[in-house]
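Each chain gets a letter, A, B, C and D, in the order it is written, and its residues are counted from 1.
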Amino acid sequence: MPIEHAAAVKLSEQYQQVRSLSEKLASKLQNEDTIIQAMPDVSPPKWHLAHTTWFFERFILKENDSSYVPFNPQFDYLFNSYYETIGSYHPRHSRGVLSRPSMDEIYEFRNHVDEAIIQLVNQFESQLPQEIHDLIEIGLQHEQQHQELLLTDVKYNFSCTPLLPQFAEPKTFQLPQSNTETTYINIEGGLVEIGYSGAGFSFDNERPRHKVWLEPYRLASHPVTNGEYISFIEAGGYEQPEHWLSDGWATVKKEKWKHPLYWRKTEDGWYTFTLTGEKKLSLDEPVCHISFYEADAFARWSGKRLPTEAEWEHAMASIPIDGNFAESECYHPVVDHSENLAPFKQVYGDVWEWTSSPYTSYPRSKPLEGALGEYNAKFMCNQIVLRGGSCASSQSHIRPTYRNFFPADKRWQFSGLRLAEDQS
Amino acid sequence: MPIEHAAAVKLSEQYQQVRSLSEKLASKLQNEDTIIQAMPDVSPPKWHLAHTTWFFERFILKENDSSYVPFNPQFDYLFNSYYETIGSYHPRHSRGVLSRPSMDEIYEFRNHVDEAIIQLVNQFESQLPQEIHDLIEIGLQHEQQHQELLLTDVKYNFSCTPLLPQFAEPKTFQLPQSNTETTYINIEGGLVEIGYSGAGFSFDNERPRHKVWLEPYRLASHPVTNGEYISFIEAGGYEQPEHWLSDGWATVKKEKWKHPLYWRKTEDGWYTFTLTGEKKLSLDEPVCHISFYEADAFARWSGKRLPTEAEWEHAMASIPIDGNFAESECYHPVVDHSENLAPFKQVYGDVWEWTSSPYTSYPRSKPLEGALGEYNAKFMCNQIVLRGGSCASSQSHIRPTYRNFFPADKRWQFSGLRLAEDQS
Amino acid sequence: MPIEHAAAVKLSEQYQQVRSLSEKLASKLQNEDTIIQAMPDVSPPKWHLAHTTWFFERFILKENDSSYVPFNPQFDYLFNSYYETIGSYHPRHSRGVLSRPSMDEIYEFRNHVDEAIIQLVNQFESQLPQEIHDLIEIGLQHEQQHQELLLTDVKYNFSCTPLLPQFAEPKTFQLPQSNTETTYINIEGGLVEIGYSGAGFSFDNERPRHKVWLEPYRLASHPVTNGEYISFIEAGGYEQPEHWLSDGWATVKKEKWKHPLYWRKTEDGWYTFTLTGEKKLSLDEPVCHISFYEADAFARWSGKRLPTEAEWEHAMASIPIDGNFAESECYHPVVDHSENLAPFKQVYGDVWEWTSSPYTSYPRSKPLEGALGEYNAKFMCNQIVLRGGSCASSQSHIRPTYRNFFPADKRWQFSGLRLAEDQS
Amino acid sequence: MPIEHAAAVKLSEQYQQVRSLSEKLASKLQNEDTIIQAMPDVSPPKWHLAHTTWFFERFILKENDSSYVPFNPQFDYLFNSYYETIGSYHPRHSRGVLSRPSMDEIYEFRNHVDEAIIQLVNQFESQLPQEIHDLIEIGLQHEQQHQELLLTDVKYNFSCTPLLPQFAEPKTFQLPQSNTETTYINIEGGLVEIGYSGAGFSFDNERPRHKVWLEPYRLASHPVTNGEYISFIEAGGYEQPEHWLSDGWATVKKEKWKHPLYWRKTEDGWYTFTLTGEKKLSLDEPVCHISFYEADAFARWSGKRLPTEAEWEHAMASIPIDGNFAESECYHPVVDHSENLAPFKQVYGDVWEWTSSPYTSYPRSKPLEGALGEYNAKFMCNQIVLRGGSCASSQSHIRPTYRNFFPADKRWQFSGLRLAEDQS
């Protein structure tokens, strides 16, 4: 059954909004910046721009538009990220050697695909098949994910240049800081349900909604702040193996970690590099750019623990989704200035919150059919779930059921934590 | 409250039984064999003999016997495995360079500690404190774990010598093969309980008993056999990325895996190296020496899945613990020859069964106090749970609630799988 | 004693010629191309442009012009290559992450330094001190070396992009191919002299002129051609360890070498990537982009050997320095089309010729004083001497006594070989 | 022409002497010691015992005795070191995993081969072919080389065990220390000859004798001592890049070198590990266990240089070959106690002396025919020549023309240096 005309119109609008944000972000860069890959985990901004476009070409236009002429047949090799079932691809760690295609060509590629997508939607008028609608929607969600990665990757790349460039001008919220202290809120638990069950978009990894048993627990009202994290550092947290998982301690020693990523200690106190340049560390902002290992060690040192993802979702399901997202253009977590009455603060936006839950499939979960089945399911090993979105996420991209995931040692995302504990 | 005299006597008997098994196993080796470490994951047999002894010296004698004279103060450095909170230790990957202390010295060390432990128990007569009893018990469980590792490590070491030595003479069960085919048994699920709650010994990672919700599921009556696994190989399983987790596929390509560890294809069919020498592969034996990645890929290719550890434990809780353990001295899984009426076969012994569950702490779990808190808890990251024990485990060591765990790419343990699926 | 006015004028002219060539080469690149470092041995073109400029700033302006204001104090860290005695520097293998300073800033830097140098020379009028003259001269020689590296590095970078971009339009010599076959010319040897002794510029590693005893030998009239090298490949040269040095054979196996760098075999024969795009391999061109190991193995397989650097220099001392240099803008070796009567062909230009001589200091050699002593002397270990210049060298840069040097496994320079043998 | 009977008798005697020394050295080890390979450069003692035996089996018995029955056909794979042209072999870095064949089997192998060799020699009576004589001679020289390696390898292996075992009881020379100070002796140079030309045994790499031009030079009477080397350390030599070759400085930083291998600084001064246990460092003994990089840096810091191998050989050709060799069973360099009147002291024995000469072939040199051509020639790249023998060499093994060679970063041989300088 085709979707209604209004929905198709809305989709076209979303398409243009999302696509143009990528270009707006890229416009803040010089051409030389677009090709940097300062470590294997990051991708050059140019690659993000091309890969997200290839996603629409490969999964929508090539499959559903017999008249479509691919922009350049070599792009299937260059801009496939990891879809093994559709062919070989350029090695991930070598994306930074692809000085060509040039930025000009990539913008041509984007225009070429954008025109074809809009034409495809328009040609159906009020008869847009559900399947195409859903593929475009997933393509947009996918592009939003890469917009966040573009921001985190540029931040990492820029941090490797001693000149410490600014991606954007500093910007701060106008509202006064909220006065609320961190408190712990009791939650009953019992046989609850988590996972997505509504009519809107969700990824396959959020479904189905399913029952989980939770013992009574308590969850902190606020994320952990820089000031609290400095107490851990000053108490010797990075020198004391007893707080750390075995793999975490090995990483601390190998990487010589002494503090979160991007921090620098000076005689004048702590500084941190941000997308708006290096700045003095604000003690009341949520701590950020820590690995799961550090989040877990901090929690142990605090006599608390990380929440499971079920505990997190059950508690946060009804908290309004507003906060410091990419739309605010701060590109950095801010101090709590919330005015709402919800018991939990800074739940959405600011920082992704590490949970204690390894990333696994939900009971009776079904991956998408075909190559898009590789989108999420094949990564369900050796990764940990994070919840809530960050200052680099688009607000429209985040849901209470949204599951982000990264390996336990990664720090270049805007990742922090919120503490939990058992009810006694 | 001290434990009763009978329990102390029983403990002394167990002590002598367990300790003498280590020496019996080592007696099958030549002195040169005892110092081999053919990869970082394995330890030299000599090191196992010394480390298990050090465990009693360090955690019991030094803590509870003020008159005890340590055998050699350097052994704290040499034979501490990973207890960060009690001091530095010799690097794990370099255990194979420690040609000294010699085997003769290590046997002297064992005698020295054995005499001190027996004397310690005897001196209390009928007043053995519960705490010392429990420490000795955990020391014996620990030694049983290292007995299994000694067997798997010797197997790996011997496989690296083109001469393919025998650890033991081949031995087979006398009973005829059972005729039962693999079937799938329905299990209701619902709000069930798993975890240990009895009075006997259990590790901290098995506690507390707690509620879990299970959807209705089905579990295979038998582990997957070599014959079934060969079908996967012959269907191109190792060449088709669609069955594999992303990390698994990367491992397959990097390690050039084409079949389970120890297999070798000849014109005359498949052969496998065993602790009793290389032998022709038996199609009806459970498949063994596969990683989690291979178990998971096989399950996907089969249209099934791995069970969670909760599904496994709930189904197997009442199955009798007998089977092909180290006591049988086969040191290799055998074909099913069970005569009992239990619906599930070869549950205990033969092969450890990979579950789909990452190794995490149970709700409200508490690690042991002090350095022994490092025994299990700090490994709860990047590991997968296996259940049921193997042909290299001691029968007295295994419980339905017992949780073994290894990283997803490890294959040198006797590890296989049993399939599960959702009830439709 | 200051140098004469005419010499100062000539130096200024050379300065402008050499400096502008760097910019002319860079102008053929897009901005994204200037920051690529596809392997640790290459540097981004942008880095070459900045480093050569920093060389003038650091060694001439800062030392000799008290009024000079450094362009950016951080450039000492960013653009010092390897001068340990003057301070720390950005790691070589990470030059490709420096997207900033931008190309615009680097051109500003170049202008800033150029103006200061010209002003410095001018202010002395006819009194330019010899020392400053010599430093500027070494700065220009240095920049010419980096111009060659810029070409070889761009070639390597471009070869990693499947789009195989062109650096320049193809261009060929107009002259007809020479008809001369390779012959071997007898050379007497005896107690000869090599090394530089004239009044012009030479590097410290070419001095002093000194005696060497040579047994009678024979040297090939031409470099080895692609056609001759293909015979080696087709005879199984890359599969037969008997031709190879031990380290060479290990490299062949590890790197899976089957042919020179940049070659590709198709159904239509061999192709090679060049700075003017991929083209069909010409059998009569000198073979190029081979390591010392390959040159040595080819020579052994041929029943010949490589010449020592003394044999090469003694034979070539009177051969005119003309040929296919960077000035011809071919950027690739060409077939012999020489018209002169010299017995040896394609001696200078086309390809650097591997000798059998490890790079060591000449007897009684003295490195330059101060930090510039690090220029050459500290690399006299684990490197092999090459002679004669290549199609990427400037003609004005090459002398008979010129010593180039690279590790035995490097292939990204325009490196080939000429055969030698003992007189019987 | 067959060799004379007396020569055959002498060869048999040498055979028994050399072979029995290997077993005498091995008898000082426990069985567990014989299989240790604490780094890839060393081989397990057991492997040395078997490989030297395999050398006789493979190159003499299999080629010249049609009735010979190989001891075990798998030994060709296990104990071939690096002869590519005769078949594949066990990887060098994994020799330490070969717990089997056991020591008992290896002694059986040695006996088996010894009997066959003696029988082969005897069967010819007075008609032993020159070729077989020469092969046995090279086999014995080869075994002497491995006897030295066995000593240096055991030393390295033992140094990795915190228990620091003794290989032998300490032993010291009875003679009083010589009173001579280090002086520099002038040597004329000119057109001299080096290389072997006599009738006795020499390796192919020592031949032919050939002319070399030497500028007038000066050579130190004594090797550099520990005391002199400590001055370099205390002056900051390991922290100052200006003394070091570029590759050397990179190694110092990567390996965190602060002093020679086996040294340890205590409050009580410097200690060093030796084959007779750890002992206080003697300031007057020659410095030992330094790399070429350290020798070269020390020489630069001293305002001197290393001699070339031609300078060394020309100066030392007539110095008597006596000194502190393996026969003295000190297994460590000693202070000079020479009584002879030769101008140069401790030339032979004590420590190998690094020269400045890369290891290359002599003019008109011819490697041995066949697989034994791989013995020396294929290593003529990336290695530096050492001269004079050490306290671990057999006296009967060393000649003035003898060329030892190791990569510039190796330190586990008994390697030191003697200074040289140009005559002014």
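Just so we're on the same page, contacts are C-beta pairs under 8 Å (C-beta built on N, C-alpha and C of every residue); 3 or more make two chains touch, one makes a residue touch a chain.
Because the structure is a prediction, the values reported are computed rather than measured.
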**Study point:** Intersection of the contact lists for subunit A and subunit D
**Key:** B, C
Check your understanding: Of the other chains, whose C-alpha centre is the longest way from the centre of subunit A?
Key -> D
Revision key, fill the gap. Per the C-alpha centroid definition, the whole-Å distance linking subunit B and subunit C comes out as 60
Check your understanding: Using the average of all C-alpha atoms in each chain as its centre, how far is it in Å between subunit B and subunit D?
Key -> 47
Check your understanding: How many angstrom between the C-alpha centroids of subunit B and subunit A?
Key -> 38
Practice item. Note the residues in subunit B that touch 2 or more other chains, in rising order. Key: none
Exercise for review: Identify every two-chain combination in which the chains touch.
Suggested key: A-B, A-C, B-D, C-D
Review point. Taking the complex as given, what residues does subunit D use to touch subunit B?
Key: 30-36, 38, 46, 74, 77-78, 90, 94, 96-103, 157-158, 160-163, 165
Check your understanding: For subunit B, which residues count as touching subunit A in their complex?
Key -> 82, 84-85, 191, 210-215, 241-242, 244-249, 292-293, 296, 356-358, 360, 363-364, 374, 378-382, 408, 422
